[in-house]
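Two complexes, one shared chain (chain A), two partners (chain B, chain C).
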Partner chain A sequence: MRVIDAPKAPRLGTPWGVRRFASLYAQLLRTGFAEAVAYRAEFLIWMFSTNMPLVMLAIWAAAARSGPVGGYSQQGFAAYYLCALLVRLMTGAWVVWELTMEIRQGTLALRLLRPIHPLLQWSADNIAAIPMRGVVALPVTAILLWVARGELSHRWFDWLLLLPALAGAWLIYFLVQAIIGTIALRFESAASLFTAWLGFSNILSGYLVPLDLFPRAVRDAAQWLPFRFQLSYPVELMLGRWNHEQALQLLGVEWIYVAFFFLCTRTAWRAGLRYYAAYGG
Partner chain B sequence: MIEVSRLRKWYRVHRREPGLWAAMRSLLHRPYEDVKAVDDISFAIGSGERVGFLGPNGAGKTTTLKVLSGLLHPTEGKVSVAGFTPQRRERGFLQQITLVMGQKQQLLWDLPPSETFLLNRAIYDIPKKQYQETVAELTELLELSQLLGKPTRQLSLGERMKCELAVALLHRPRVLFLDEPTIGLDVSMQATVRGFVRAYNERFGATVLLTSHYMEDVAALCPRVMVIDKGRLIYDGSLPELVRRVRPDKRVHVKLSKPVQRADLEALGTVIEHRDAEAVVQVSQEALQHAVARALSALPLTDLTVEDPPLEEVMRDLFAQGRAA
Partner chain C sequence: MRRVFNVLRALLHASVALALQYRIEFVVEGALALLWLAVTLVPLLVVFGNRGAVAGWTFPEMLVVLGWFVALKGVLEGTLSPSLLQVVDHVRKGTLDFVLIKPADAQLLVSFANVEPSRVVDLLGAGGIFVYAFHQIGHPPSPAQIALAAILLCTAILVLYSIAILVVSIAFIAVRVDNLLYLFQSVFDVARWPSTVFRGVLSALFTFVLPLALMTTYPALALLGKLTLQTLFAAVGGSLAFAAIARLIWIASIRRYTSASS
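So, the complex of A and B:
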């Protein structure tokens, strides 16, 4: 067999440098954004379906008409739930659905053939949708700044911490979904497990009801469980509930959870691939 | 380039009877059984070889390709591809292989193929110059210039498959695993894909392992074939030798200037087809010379050709023999 022009030797051993990673991730974000824009109608409908905080706001605002409930006035509830809506919009992830669907349909195989971790690509897809989320998040922010300006923190430090707190909240949400989705590598489906997690999360993250309103035992448990860092902690920062030291301490705990879930994801992924059956075609 | 030694891949599958009662029962008790998808196969493929991997549905072809490409962990045995152990999925390994599955696509559905090209360029860290050269070359070979800007969902099946091949080869892999790459394509598109795979193999010296239900693919592309049935390798050698072993008979195709009696044809061998002035007669290898001589002297011939039996028939007989055994 005649070799006319042998391919250049693959660049084996190329260091996975920061520049190389940044350039790859930038392309992943560009592709993710292009896909989010392609699905714009569906995406907007999905975002508008994130309306539970507004429903809860209506209920609690009515309850607080005759006086504060658990320390929350009507304006206090408005501030809490608008902050919760904003956090939820900015920390959305859906990797568990993508992962379980691709495992069942066998299309995960094509991602596994590429020299890039599939979760890295999904993370970029999820993050790339943030500008689209901004379409809803920006008006919410404007309303929040107007309606609840008296309830929001006036300390720059809280707003500075908000960025890593939101990043941590998103990472916890994303990594937990990745772990649960990875279980589908072994059992073909993990959607019901995620639904169970979501049930606990909706209650213990403060998404439905502020944690302050729970009985003391539940509240104490919720303070240290991971759910709280998905939503309640960033909201608490925006409402200026903690002094500098407490806020930093909580940020530390949040990122310990991030590290913990990151290690769990790695372990679950490696173990799951051993069982992956790559069904279909 | 590829070495496989005593490879076994077993799946554990849950067996259940149909019906509501069986569904209820399966909540409490789930019988499992091991299915031997690949059962103790060994082979080696050299650099630059084109090998056809044949077998009936469920024989273990795709499972073997998935093990070779690192998607599945072998239950037992050793596998080496380009010096790597596939299931470790090292970056250096993934940079050198590609797996094209005719029934699955890696193109981004709502975006034009050019977006997937850019994505793969970043993922495989392809230098700009090489990327531009490769895209230009693939565009020319596969006539993609009108397709790259259209959303993938608006391309026909054949157009999509051409783009799939291009995107799978953008990083110039040295090993190509092709699983039914021409499935569902029309005859002319099948020929285009075959021509392209051959051109890529010859140009880059790449190793090709191909599964296909279309025997033309295998006959046109693969000097060597491996046949797998029930997870076991039952043949490894050249295609003509396989045909000789399974169906040593030949087909004598005659065209006549005027119709003849069936009895005149039966004197040559077993008549398979007989229409007015045309016929196909099956003749054993030993009797071929005599049959041809007799046809030339006794029949009003306008044309005579000797062919092997169709490959589809050869394979059908081979698998029927396997089942009977």
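So, the complex of A and C:
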């Protein structure tokens, strides 16, 4: 039996294909945006439940009342955690939950019949939600500028790099979710695997504690792992921690990770579909 | 009263039997709970690696608060949330009718419908944290302090449960906000710190409006022998009132409920 490994998507080889693909993707984005607007109440509640940086800020602000901790004043902590909150709000993805749910319920089969790759569809849904995320991010940005303007980077170069850095952070998050979700085609406990990834990511991405406050050994390990590019690196750019050369180098490493995870996703998807049997669908 | 216990036992039995059918998942979930316990401890370790005391709390004292937090989070995410999230599902699909026609109190039936036994790891972890904390302090709590803490644990669970019931009652009115319980779960993360970490408006908010102080700070103070009798009476009275209000609102919401299916 022939395995359906890639539904017929527009071919990207020709200029006509590129244009058709662009119009297709634009339509997906419009649909995704309409969906995000339709479920705005639920969407906002999801956004508000991202509050861990603020919880962490509370304890550090209390600790820094009597003086700076490891180079962070109270204002420094406020800047760090508000930036972390912004990065987390703007780079959210949830494809792993959709993927595992659709695999379990068998509705993935319907998606496979459509002439566009399911992961592309989900990527459009996730990207289309970014304007809605911006609605929540705006007040956070306002507070950040009001409370800790002096801590932010004054170089335009950092803010220029922030855009590709955030795009890379989102891609890493999305692709890792896609890989883990794809594993659910073969093994059913993929959701637990993602919870484990989240546990490590919370520590090693600087989400709970700024990486430079960790002991040397943890810092060295975090330096080479992909987690820091999800959060710590964009935050450090906003705080102006790197000179031009270092910032560019780190951006390069981030995108090498993006490319690596992209290849992993492709491989995992192709291997996974071979085992897929649409339950119930 | 005996009937209530019989129903409770049957519900728990069903949950445990179900969980033990998926043994690998049971072990995996337990291991994950352990991992998250470690993740919860890390920030505290780093903070106290830099400071001797924060907001008047030393490291072992803060650990006692965190111990209560871990235990209550286990109760919330292992019992209340998974059970009550099913109610929201029932309301949306119209299957709540099948619960309502059963000859037992509906609130009791939905509250313990889906218990995750693997979250026992959280309770064990909390016990471990207490043992370590009091080893650091140098002397174990007295029996009277333990008894006080036990009373406050009951009030804490009562308030936690009441909030969860209130949140679910909202689902009867506005089905669209079915993830409100997740929001409460994430707000509950604040309870990992003692309430004195917060100042001004936030401190009042987490003591009176959303009584997170009652859940972790007061039981910790009781174990440490720092709780005043006044606070104890206020806590017990407040939580009983809270539970009564939650019960009334639940009954009112059930009365409003018009099935979705038929």
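Rule of thumb we're sticking to: the second predicted complex is superposed on the first by the 263 of 281 C-alpha atoms of A that agree within 3 Å, B and C clash if a C-alpha of one lies under 4 Å from a C-alpha of the other, contacts with A are read in each partner's own complex, and residues count from 1 in each chain.
The rule we apply is simple: a contact is a pair of C-beta atoms (placed from the backbone, for glycine too) under 8 Å apart; a residue touches a chain by one contact, two chains touch by 3 or more.
Keep in mind the model is a prediction, meaning the values are calculated, not measured.
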Go through the superposed model and pick first if A:Gly134 touches only chain B, second if only chain C, both, or neither.
-> neither
Considering only the touch criterion stated at the top, classify A:Val209 as touching first (chain B), second (chain C), both, or neither.
-> second
Touching A:Pro164 in the superposition: chain B (first), chain C (second), both, neither?
-> neither
With the two complexes superposed on chain A, say which partner A:Gly240 touches: chain B (first), chain C (second), both, or neither.
-> neither
Using the superposition on chain A described above, determine whether A:Ser192 touches chain B (first), chain C (second), both, or neither.
-> second
Contact residues of chain A, present in both the chain B and the chain C interface | 39
Tell me, which parts of chain B touch chain A in their complex?
-> 11, 48, 62, 66, 69-73, 89, 91-92, 94-99, 101-106, 108, 110-111, 115, 118-125, 130, 151, 171-172, 174, 179-180, 201-206
Could you pull out which chain A residues touch chain B in their complex?
-> 1-8, 10-14, 20, 23-24, 26-28, 30-31, 34-35, 38-39, 106-107, 109-110, 112-116, 273-274, 276-278, 280-281
Name, in rising order, each residue of chain C that touches chain A in their complex.
-> 24-25, 28-29, 32, 35-36, 38-39, 42-44, 46-47, 49-51, 54-55, 174, 176-180, 182-183, 185-187, 189-190, 192-193, 197-198, 202
Chain A residues touching chain C in their complex are 39, 41-42, 45-46, 48-52, 55-56, 58-60, 62-63, 65-66, 69-70, 189, 192, 195-196, 199, 202-203, 208-209, 213-215
